[in-house]
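Take a look at this one; I'll ask things after.
Going in written order, the chains are labelled A, B, C, D, E and F, and every chain counts its residues from 1.
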Amino acid sequence: MSNRIIHWFKFASPQSFYPLAGKMIPWFWALTAVFGAIGLWISFFVAPTDAVQGEGYRIIFIHVPASWMSMFIYMVMAAWAGLGLALNTRLSGMMAQALAPTGALMAFISLWTGAFWGKPMWGTWWVWDARLTSELILFFLYIGFIALQAAIDDPRRADKAGAILALVGVVNVPIIYFSVKWWNTLHQGASVSMMKSPSMAQTMLWGMLIMALCFWMYSIAVALMRVRAIILERETHTEWVKELPEVKQ
Amino acid sequence: MNWNSPAEFFAMGGYALYVWGSFVVCAVIMVMEPMLAKMRQKTILRALHRERLAQELDKQ
Amino acid sequence: MPFDPGNSRKAGFDAGFLFRTPISGTIRPSMLSVSDLSCIRGERRLFSGLGFDLAPGEWLHVQGENGSGKTTLLRALVGLSPPAEGEIIWRGEPTHRLGEDYRREMLYLGHHGAVKEELTPLENLKLAAALDGRSLDDREAMAALHRFGLKGREELPVRFLSAGQKRRVLLARLVTRNAVLWVLDEPFTALDVKAVDMLSALIGEHLADGGLAVLTSHQPMPIPGGKVARL
Amino acid sequence: MSAFLAIIRRDLLLAMRRKSEVLTALFFFIIVVSLFPLGIGPEPQLLKKIAPGILWVAALLSTMLSLNRLFATDHADGTLEQLVLSPTPLGLLVAGKIVAHWLTSGLPLVLLAPVLGVQFDLDASALGILVGALLLGTPLLSLIGAIGAALTLGVRGGGVLLSLLVLPLYVPALIFGAGAVEAHISGLGATGHLSLLAALLALAAFFAPWATTAALRVSLE
Amino acid sequence: MSAFLAIIRRDLLLAMRRKSEVLTALFFFIIVVSLFPLGIGPEPQLLKKIAPGILWVAALLSTMLSLNRLFATDHADGTLEQLVLSPTPLGLLVAGKIVAHWLTSGLPLVLLAPVLGVQFDLDASALGILVGALLLGTPLLSLIGAIGAALTLGVRGGGVLLSLLVLPLYVPALIFGAGAVEAHISGLGATGHLSLLAALLALAAFFAPWATTAALRVSLE
Amino acid sequence: MPFDPGNSRKAGFDAGFLFRTPISGTIRPSMLSVSDLSCIRGERRLFSGLGFDLAPGEWLHVQGENGSGKTTLLRALVGLSPPAEGEIIWRGEPTHRLGEDYRREMLYLGHHGAVKEELTPLENLKLAAALDGRSLDDREAMAALHRFGLKGREELPVRFLSAGQKRRVLLARLVTRNAVLWVLDEPFTALDVKAVDMLSALIGEHLADGGLAVLTSHQPMPIPGGKVARL
């Protein structure tokens, strides 16, 4: 049992994770490219024109994956942060810190594409609908996390403080998410009308799923890149960093 | 195939501003973000390298 | 929860209570022992491999230049910022495991004012005691303040006091708190000559009573004995 | 327990001593509420409609403003260190501070809200719901706010960072709180909203002191 | 003159160093603006109507929050004493601090306001008027705020007292500023409001640094 | 407006410039003279009828117990809080009438930190100079910091410095500011032995150069000469 734990901790140490991440990154980029190519091809060339929304609906192929990712990344980030707080592993905090900017950007993409979709469909860039507002709040939670970590100099302290905030925020996520119930929402209605024809829904669903996979791979790849930089920044004074081939050459 | 000409493709049935406005911004973000991450990595590596050189010079 | 020194002292390492009465001439086992301590600030290692033992009645003078890490050491001792390496043992147990049992027997007064400027010295003293779970009556509190030369200032908000008087309000906790281990960071700052003598005498009494003290100061300490740790 | 009461007493005493602190927090609430008619114009129908929202936002901002003083002054003058080193469990002291904060910044708002509500032409039953919602909501604001205040302690740009952290967390309280009154006015009944608010309060009362304590220890390290 | 620039530089440097202080003030503005729809409900027509008022109240609150840091930190760490004792005329230094305050807390709001205005469905010309009004109004807020900040320096309960003093003085700016946009939307033309705002600004630019200097001297005595 | 000491010294009483070079053996007319000063705090009269004269090269040691009014006297001297009675004359004119001309020649360092915790020592020093209307180049600022033993800490935010190091950052203004009259409230607080020696030597130099100083301290002052005012 203790052996297994030690084994586990070995991968959780920045020293062994750094090269591992380096090896994984190209693979994830390749997958991103593959899924992206297929997804874009379906989005623009396979999926037919929508009966109600014309070509404007094609925004869905980035809007929905980005929206999903923004929520999912928050959960993952909070999980890493909680793990770090509980087990005091160094890597967890770094992972959380690496994920936050990607999550914030995903939330931003969701907001941006939603606004660019709303203008032609609803005639306005923005309505204070529950779904839209909760996405905005999620964006603020990310910004708060990033700002808090940036404001604390000592990385260990920053990790712990960020972890507490992320965990508190995670309680908030489902609440704002379910607050849809108490609001009359414009967002849902529009999405239902678009799914009228089943055959169309089929290709669209596939396009969306494949684009979502592309966003997944992208997020992993970019977070791994960032975590490698963070590892180096924080472990500057350790021996193993000095012995890295990148540093030596 | 939905499109008869590239022009039609780029016009997006009159929704060009909105569709391309979304996709381009998304693409820009997804290109910039890895580049920024890469730069961050390069910066720290350069600093580490310089420090190492300084240490070696110290030893001599 | 009235404070009961007898009871609290039995907490932790039981035999500790015996050593409260100083037995001159015999070798007393140490109550506070620190081994192989090291502290890092930013990327700077301030000290490492530091170790010492203190038995009842002994005191440690932490010396060193400005920025050598005295305050850092004291903060590590009391548990405000954990050390990078090393252990701090109190009555045979690591302090971070003792928690409240350690804090009940220890009193730390730092560089900071740590008094409320809006409250009067009397209120400050009584509330500080109440927060430690101990009630202090007016008479005791007044006696402590008078002892520290604050007669006539008991009811004046601390904001109006002079630098040295503020310091005295803080130091008055030494007599009302009844701690075994005193950790004082430059206790003589801002005090005039008379107050310095008085405080030294007080520390002397505390030691004679079987207490322990860890002090820093740039001035020579008019207290006999004492181990020295140079950073 | 005596320490718990002692810290409440201490904080109330300090609030009294920094004279009129409670009063001014109240005035802030009043002023923010009164600014809106000035900025929006005097249409009674419109004002009545937005009244619950405005009252709640004002309550939220006024609580948020007073969060600063929750730990920051104790931190600056070093008494917070002494609290952490005190033999009393820190969680108890923190809970006491939160209670004191609510007594000085939340409770007065609850008492004042009906008066302001009348100015916006809310009727008696709506005012009742408003007070009930605030009574459940303002302790929630103090509890959540304490976490933010502890996290931003001694951090650069603390004051504004605090609002950045705390306001998104306040959103549920705002939605259910203002929603309760609106639901009542539109005849839907406010029980749903109020019980959700109560559930949130119970949750926060359980977790917030714990999270705050953890955050304080981190901040002092 | 060099001291004037030096103090602006110093305050900007401090704002940058307390990292993201400017950014967080901005976010505060955004969050407050977003809170209202949450409290009031999502009807676009209603929201459009109250948008100018909300934006102005938010600008006002966000400026007010950042007033605290105008003198209080300098006071607490004793640098204000040094400024008063400096051979440079105090009025000049005070003017510099006010300019720096506007640059870090007013200007960003002006730049951001159009984006938020779009969310409330204001059209391009209304947005233009909004920006113009804020451009005249936010310096006014900084100037008036400085007097309040100086008066409440080191006073018990300063933070909230400050808002009590300053908010009433902000009312004219609020009325003319929000009024300009509303007048424009209802087709009355905004020139009247804007020129009144400009006149107020000129007046304040002349008197406020002087009053602030006097207040500072009193506070330090 | 670059700082020109020659010019600034001519401001006010013109002959002052002559007395900058110490003329040993001759009786020098006083530059700072105080007569019949009294200060009241609350309802307490701290001192009254206080008077002294300082000529170039002379210094005054303000002595007294905690709370006797030393800080109050110093603040009155520099014009931060006006005295209840009495006049403070600088180069023949009352200071409250001189205003900036007096402040240009005077430097007051009090109990307070008076440095910005977020800025580095280097930035603190340069900005303080800039606010006095004087530009300080990196080299000069560095030299001053090194002189005060802050080598290697020039770029570390002051927040991270130890109590003594913070104090040194403040004191470094003594060499960059070029004032004639130094008013220092307990300048030796928090300094280690080496720094105390160094600062005393610096004050000695300043006096030898024809400067004036008013100091408080509870410790004996290792500076020869000096008038004494006991409160």
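Miscellaneous remarks
As a working rule, contacts are C-beta pairs under 8 Å (C-beta built on N, C-alpha and C of every residue); 3 or more make two chains touch, one makes a residue touch a chain.
On a predicted model such as this, the values are computed, not experimentally measured, just so you know.
Graph distance from chain A to chain F, where chains that touch are one step apart, equals 2.
Looking at chain B and chain E, the chains that touch each of them are A. Across the two candidate interfaces, C-D and A-E, the one carrying more C-beta contacts is C-D. Over half of the residue numbers found at the chain D and chain E interface occur in both copies, marking it as a same-residue contact. Chain centres here are Cα averages; for chain B and chain D they lie 43 Å apart. Rounded to whole angstrom, the centroid-to-centroid distance between chain A and chain C, based on C-alpha atoms, equals 50 Å. We define each chain's centre as the mean of its Cα atoms; on that basis chain A and chain D are separated by 32 Å. Each chain gets a centre from the mean of its Cα atoms; for chain E and chain F, those two points are 37 Å apart.
Taken residue by residue, chain B touches two or more other chains at no position, since every residue touches fewer. Listed for chain F are residues 111, 118, each touching two or more other chains. Touching two or more other chains at once are residues 17-18, 156-157, 161, 164, 167-168, 171, 175, 221 of chain D. Partner chain D is touched in their complex by these residues of chain A: 85, 137, 140-141, 143-144, 147-148, 151-152, 154, 156-157, 160-161, 164-165, 167-169, 171-172, 175-176, 179, 182. Put simply, chain A touches chain E in their complex at residues 124-130, 133, 136-137, 140, 143, 147, 150-151, 183-184, 186. Residue ranges on chain C touching chain D, taken from their complex, read 1, 8, 78-82, 100-101, 103-104, 106, 108, 110-119, 123, 127-128, 130-133, 135, 157. Per the touch definition, chain E reaches chain D in the complex via residues 17-21, 24-25, 27-28, 31-32, 35-36, 38-41, 46, 49-50, 52-54, 56-57, 60-61, 65-66, 68-69, 76, 156-157, 159-161, 163-164, 167-168, 171, 174-175, 178, 182. Contact residues of chain E toward chain A in the complex are 18-20, 23-24, 27, 30-31, 34, 37-38, 41-42, 44, 47, 118-121.
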